[in-house]
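Sharing a structure with you now.
Per-chain residue numbering starts at 1, and chain names A, B, C and D are given in the order in which the chains are listed.
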Amino acid sequence: MQLNKRQLLIGSAALAMAGHVGGARAASAISYWHHFTSQSEMAGLLKIIGLFQAANADVAVTQENIPNSEYMAKVSSAVLAGGRPDTAMVIAERFADLTAMEGLIDLTDRVNGWAGKANFPDNRWTGLSSDGAIYAVPAFAFVDWMYYRTDYFEEAGLAGPPKTFDEFLEACRKLTDPSKGRYAFGMRAGAGGFKYVIDVMEAFGSPIVKDDQPAIDRAAAIEAVTFYSDLFLREKVVPPSAPNDSYRQIMEAFRTGQTAMLWHHTGSLNEISGAMKQGEQFSTAPMPAGPKAHIARVAYAGNGIMKEDNIEAAWQWVSFWGQTDAAIALLEGTGYFPASAAALQDQRITGNPIYGAAVETLEFGRLPNNFIGAAGWSENVVNPAFQSVLTGQSTPEQAVDRMTQGLDAALR
Amino acid sequence: MATLSIKDVRKSYGSVQVLHGVDIELEDGGFLVLLGPSGCGKSTLLNMIAGLDDTSGGDILIGGRSVVDLAPKDRNIAMVFQSYALYPTMSVARNIGFGLEMRGVDADKRKGAVEDAARLLQISHLLDRRPANLSGGQRQRVAMGRAIVRDPELFLFDEPLSNLDAKLRVEMRTEIKRLHERLGTSIVYVTHDQIEAMTLGTKVAVMKGGYIQQLADPRTVYERPANMFVASFIGSPAMNFLPGQLVREAGGVRFEASGVSIAMPARKPAEISERPVILGMRPEELKVAARDQASVTGVIDVVEPTGPETMVTVQVGDRSVIARVPPRFAGQRNETIFFTVDPASINLFDPDTEQRIDI
Amino acid sequence: MTSSASRYLPFRALGELSETRYWMYLLLLPSLVLILLVIAYPTLYGMAISFREMRLTRPGLDGWVGFKHYAAMWSDPVFWIALKNTVVWVTAAVVLELALGLLTATALNRDLPGTKIFAVLILLPYFLPNVVAGHMWALLLDPRLGVINDILVRVGILQTYKAWFADPNAALAATILVEAWHGFPFFALLLLAGLKSIPEDLYKAAAVDGAGVAAQLRLITLPMLKTVIAAAVILRVISLVNSPDLLLILTGGGPGDATQVLSLYAFQTAYKEFNFGYAAALSVVMFVILMVFAVAYIRISRITKE
Amino acid sequence: MIESKRHRRMIANIATYVVLVSLSVFCIGPMVWMFLTSLKYEADIVTQTMQYMPSRITFDNYVAIWTQSGFPLLIGNSLVVTLLTVTICVVTGTLAAYAFSRFAFRGRDRLMLGYLVVRMFPAVMVIIPLYVVMRGVGLVDSRFGLALAYTSFLLPLFVWMLKGFFDSAPRELENAARIDGSTRLGAMVRIVVPLARNGLVASSVFIAIAAWNEFLFALMLTTGQGSRTWPVGLQLMVGEFQLPWGVLAAGGILSIIPVIVLFAIVQRTMVQGLTAGAVKG
């Protein structure tokens, strides 16, 4: 017996149709896969489900949380071997992969006939569209920004947050004091660190992909990797643990006062606010601008539909996320920014100064790179390549070459 | 009680043949001893009688019924194992009664049978114990109890005494003989101990290399061994072997060798050719005699009194010969000594085939 | 025959069957069926896709590609690094576990008072799920919050806190240590059982013959334990080569490729790049390496002979 | 001479204790630390000054892990999966181990090696096809399916271990039972298996631990809460946005408890089983 992928898909679709997900009470029951895991994220999600249930009593939503790092593994095996959920969370970085593996259903017609569409400016849809077809409804955004210790800045005699990479470097030098165990910048080079490596490369003027072709500008990329790795290697303004520091470590370093600056997105605001005082100890600012470009990501995340069985109920669910109440509930729980322009006008955002930097970033922020294989290339190539520069196992030149080769392979 | 017939039974493992067409008949109530060195195939034969090993050919009949296609449990046999094979998790009583239990005998009857068997073997006081708390001799008795309680057609013993110390072994040997005489059940008994074979068996099968070397009553095996292997395997000290020449003379033949000259009656001396032979004589057949009566002459080498008798090692020609002489033997080392030998007790063997020559 | 015979008829029938020559095969049947279904088919399927292009994100490329993936592997530097790391990691971990296990077993086998409590304490790590052990050690070795750094600084071995997982060599060493911590009780348990089955007389005889402790170890203990050691080593090697869990949690293969091993590389290739063909080829290579190792090892140590 | 021998013995004893104590510290130390961590407030863990003994104690972490993670459900799933795995292995593996131990047949060694070989194919690659097979028979996302998957790599281990124990159960006992009226099956069930009981327990504990701790298959073959096991549940909670250390530590401590309880129950049998040479009797 030999199965190719297509037979497999057909077979599993048939099987999936045969065996409905339970749910005796509601008229239809749909499943929803997501990678919310923290307490605040779960609270936000349950609130949205509650709101949804109140409005749509006939649809029951079963949520399944899957760890972020295993999310694509699970989704891909569901696509490959059957067992898709009805609906799933899709973040911009994974959108291309998901559509390429035919994991999502084309929603263009439904979206065009949807009253809520007007609330979302075009750039909200670009990240969730492929060849003109829309595959997911935007729900919220990860807006990149910078956290900084206002008290440390004052101590070092710095007027305000750095606006450019030059100022950033200058500030780094002033803020670092190894005798106090204090470092300026919490660099993330462990899991997930690729994001900022790519940001810096683009800030130095090297694109990554253009028209589905590799487009890394070797000279600019080398300059970028050199600049970024020198923070650790030459300037030593980064904690020595940086090569393996992931989200948890950079957050703990910032919370324990080891570092003065931190790049992340709005989603971590709650955690930091819990550990120190907004305004007195820390504040937020837009990411500094590079020599060639001002890079900060605004990644719209949406919800897509993965199978046809309960498509009406599924559509109700994914479109519900676009409503202002749902978006604000999520923002308050987690700090994730609404994707809907209507929600952004809400007093709860415009009235809160800490969100100022995020609103500012929305003006110039870019969508993340969105090409097939982006996730694998970033995690399996960019991360180790950059780490090996930090650990002295390779030079920036070698690292950039490895990234370029990896990109060639991923795109071919 | 039953007869046992083993007909052309063969066994091979892959290309290795370990039993080559064995034939044995055992009369009802007989006691067959399978005797031989380890690896001779005796245990394999026993296992095949029990049904624990499959035969590769031939037939086995118990009480006239072919059993080769029957499972062990259906052959109506009982077996005593070398290591006793008592079930360590069961009490002595349950051990003894296990066979009855398996056959669905009800508890009361079982109890009575177990108690009878225990009384017979004098182990009534041990019935509640576990095998681990018994001495070697006690375990042996329990193992036998387990066999006799079933009243089978045939008992099988697989070297049952070899794990006991010398004194117990003698005791248990007597016990087995007594049991056999009382119960009258046919027994097949495997051992490598020739004394057990001699004392117990009504029939002894001496085996070597997968062949039966001799099948006869113990006396015949001892006095008229079929070949040199049997002759040397049975008896301790072993039979003396002296190579020499057979010479014809008036009224018979004469064996001649250095220091040896024995006249032997022959039924048809004319048909006997003069040829080299090997003479075999048991140590006890050498009787000290005066010089003029001597048929064997030698020089004393070692004198070993054992109490009831004395062993004398004598140099005869270039050969060493052992003689079993009365306890108060007065000879000294290096003295010359003379023996007579009863010609009727003598065996002659062919030097090439090692088979016995009848004269 | 009697009442008990008719009462359990199915059992009875099975019992009769057990006296036939088919019995042996019947005994093997259930486990064989299970293994064939649950393993043999998936394995063959996995081997088959190693000769296919199967990238989930590029459905258009599906098809047979022969040895393409194997050729690609030949010129893939990460593969060679991962291969080297696998060998180093597994060898070091198994040697360390064996040494610690032997030491533990020898000490426990002396049966001094209190041994039982020590035995339980020493066995505990083995009961910990890899996931828990991984996170626990991540905390212990944390560059900021880790108690190990703190102790080492207090004792004066380190000047400042060390970022164990930021340095390639330290990272590899640290993951080996964690694996050894987690795995050595397995060896201790098996070796202790092996030691207990060595007759005391042998040691007495050796002592009478004037053999010292070292000679006793060399001449009696190790030869007598040979089978146990061989079996434990082979089982451990197989499970270490095949399971990426601990490294997945501790380092994700980093920093650089310092702790990248084949199983992790295959996992990442399959579930991060969705390149199932290449991942299958990597798995086949691991399989072949293990096979060669196992066959050679079994030949040398003859563990299937009694 | 006697003096020096006693002297040497004492040194050996001291050395033994030194080894045992240091190994125990090595083994237990991390877990003790995990326990202490589980009693601390998060602010006392993520801090610049290391706290050895918690200055204030809280059980909130335990409450948090118990209530928020669906811990009882996850542990229950782990128990069920472990139990099913052990049951399947005991039933099928005992038969196979017995066959390997008692019958000499052509290709036995090769078949035993074959059982080992199936363990060798990397789990990473087996999972996808296995998922397809399981899906086909409706076992994805079921505890039984997961147990079946575990059997694939635990059954060979079980068979190998148990064969050793069967080998040391004397064959004569079985022969005696067969002559006493048992069938082969009866002798196996009544005599051999009870004799190898300790070994059976020891082997079962080994596979139970392995099933309890398994992560990769559980991660890939389960989706719903209904069949998710504890290690997966824990890893999932850690996720991207990290579980607080204290809660994580509390989860770790809670996850050892069932295993320790199990081990306390079977410890004697297991040690006896592992040390069982020939059973004499």
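Just so it is clear, contacts are C-beta pairs under 8 Å (C-beta built on N, C-alpha and C of every residue); 3 or more make two chains touch, one makes a residue touch a chain.
No experiment lies behind these values; they were computed from the predicted model shown.
Chemist: Give me the set of chains touching chain A intersected with the set touching chain C.
Modeler: Both chain A and chain C are touched by D, going by the contact rule given at the top.
Chemist: By mean C-alpha position, what chain is farthest away from chain A?
Modeler: B
Chemist: Hey, which pair has more contacts between C-betas, C-D or A-D?
Modeler: Of C-D and A-D, more C-beta pairs in contact link C-D.
Chemist: I'd like to verify one number: the distance from the centre of chain B to the centre of chain D, where each centre is the average of its C-alpha atoms, in whole angstrom.
Modeler: Once rounded, the distance between the two centres reads 55 Å.
Chemist: Averaging over Cα atoms per chain, report the distance between chain C and chain D in Å.
Modeler: Distance between chain centres, rounded to whole Å: 14 Å.
Chemist: Suppose each chain is reduced to the average of its Cα coordinates; what separation in Å results between chain A and chain D?
Modeler: 39
Chemist: Two or more other chains touching the same residue: where does that happen in chain D?
Modeler: Those would be 46-47, 127-128, 132, 182-184, 186, 235, 238.
Chemist: Can you list the chain A residues in contact with two or more other chains?
Modeler: Expected reply: 3, 70, 73, 77, 80, 181, 252, 256, 258.
Chemist: Where in chain B do residues touch two or more other chains at once?
Modeler: 71, 73, 103
Chemist: Please output the residues of chain A touching chain D within their complex, sorted ascending.
Modeler: 3, 8, 11-12, 15, 19, 33, 35, 37-42, 62, 64-70, 73-74, 77-78, 80-83, 85, 181, 192, 247-248, 251-252, 255-258, 267, 271, 275
Chemist: Could you pull out which chain C residues touch chain A in their complex?
Modeler: Chain C residues touching chain A: 41, 45, 48, 54, 56-59, 62, 78, 142-145, 160, 162-163, 165-168, 171, 251-258, 260, 268-276.
Chemist: Applying the document's contact rule, which stretches of chain D touch chain B when the two form their complex?
Modeler: On the chain D side, the touching residues are 104, 170, 172-173, 175-184, 186, 191, 194-195, 279-281.
Chemist: Residue numbers of chain D touching chain C in their complex, please.
Modeler: Residues 12-13, 16-17, 19-21, 23-24, 26-28, 30-31, 33-34, 37, 45-47, 50, 52, 88, 91-93, 95-96, 98-99, 103, 105, 109, 111-113, 115-130, 132-133, 148-149, 151-153, 155-157, 159-160, 167, 182-186, 188, 202, 209, 212-213, 215-216, 230-232, 234-235, 238, 245, 248-249, 251-252, 255-256, 259-260, 263, 267, 271, 274-275, 277.
Chemist: Going by the contact rule set out above, which residues of chain C touch chain D in the complex?
Modeler: So the residues of chain C touching chain D come out as 11, 14-19, 23-24, 26-28, 30-32, 34-35, 37-43, 45-46, 100, 103-104, 107-108, 110, 112, 114-115, 118-132, 135-137, 139-140, 145, 147, 150, 181, 185, 189-190, 192-193, 196-197, 231, 234-235, 238-239, 241-245, 249, 262-263, 266-267, 270, 276, 279-280, 283-284, 286-287, 290-291, 294-295, 298, 304-306.
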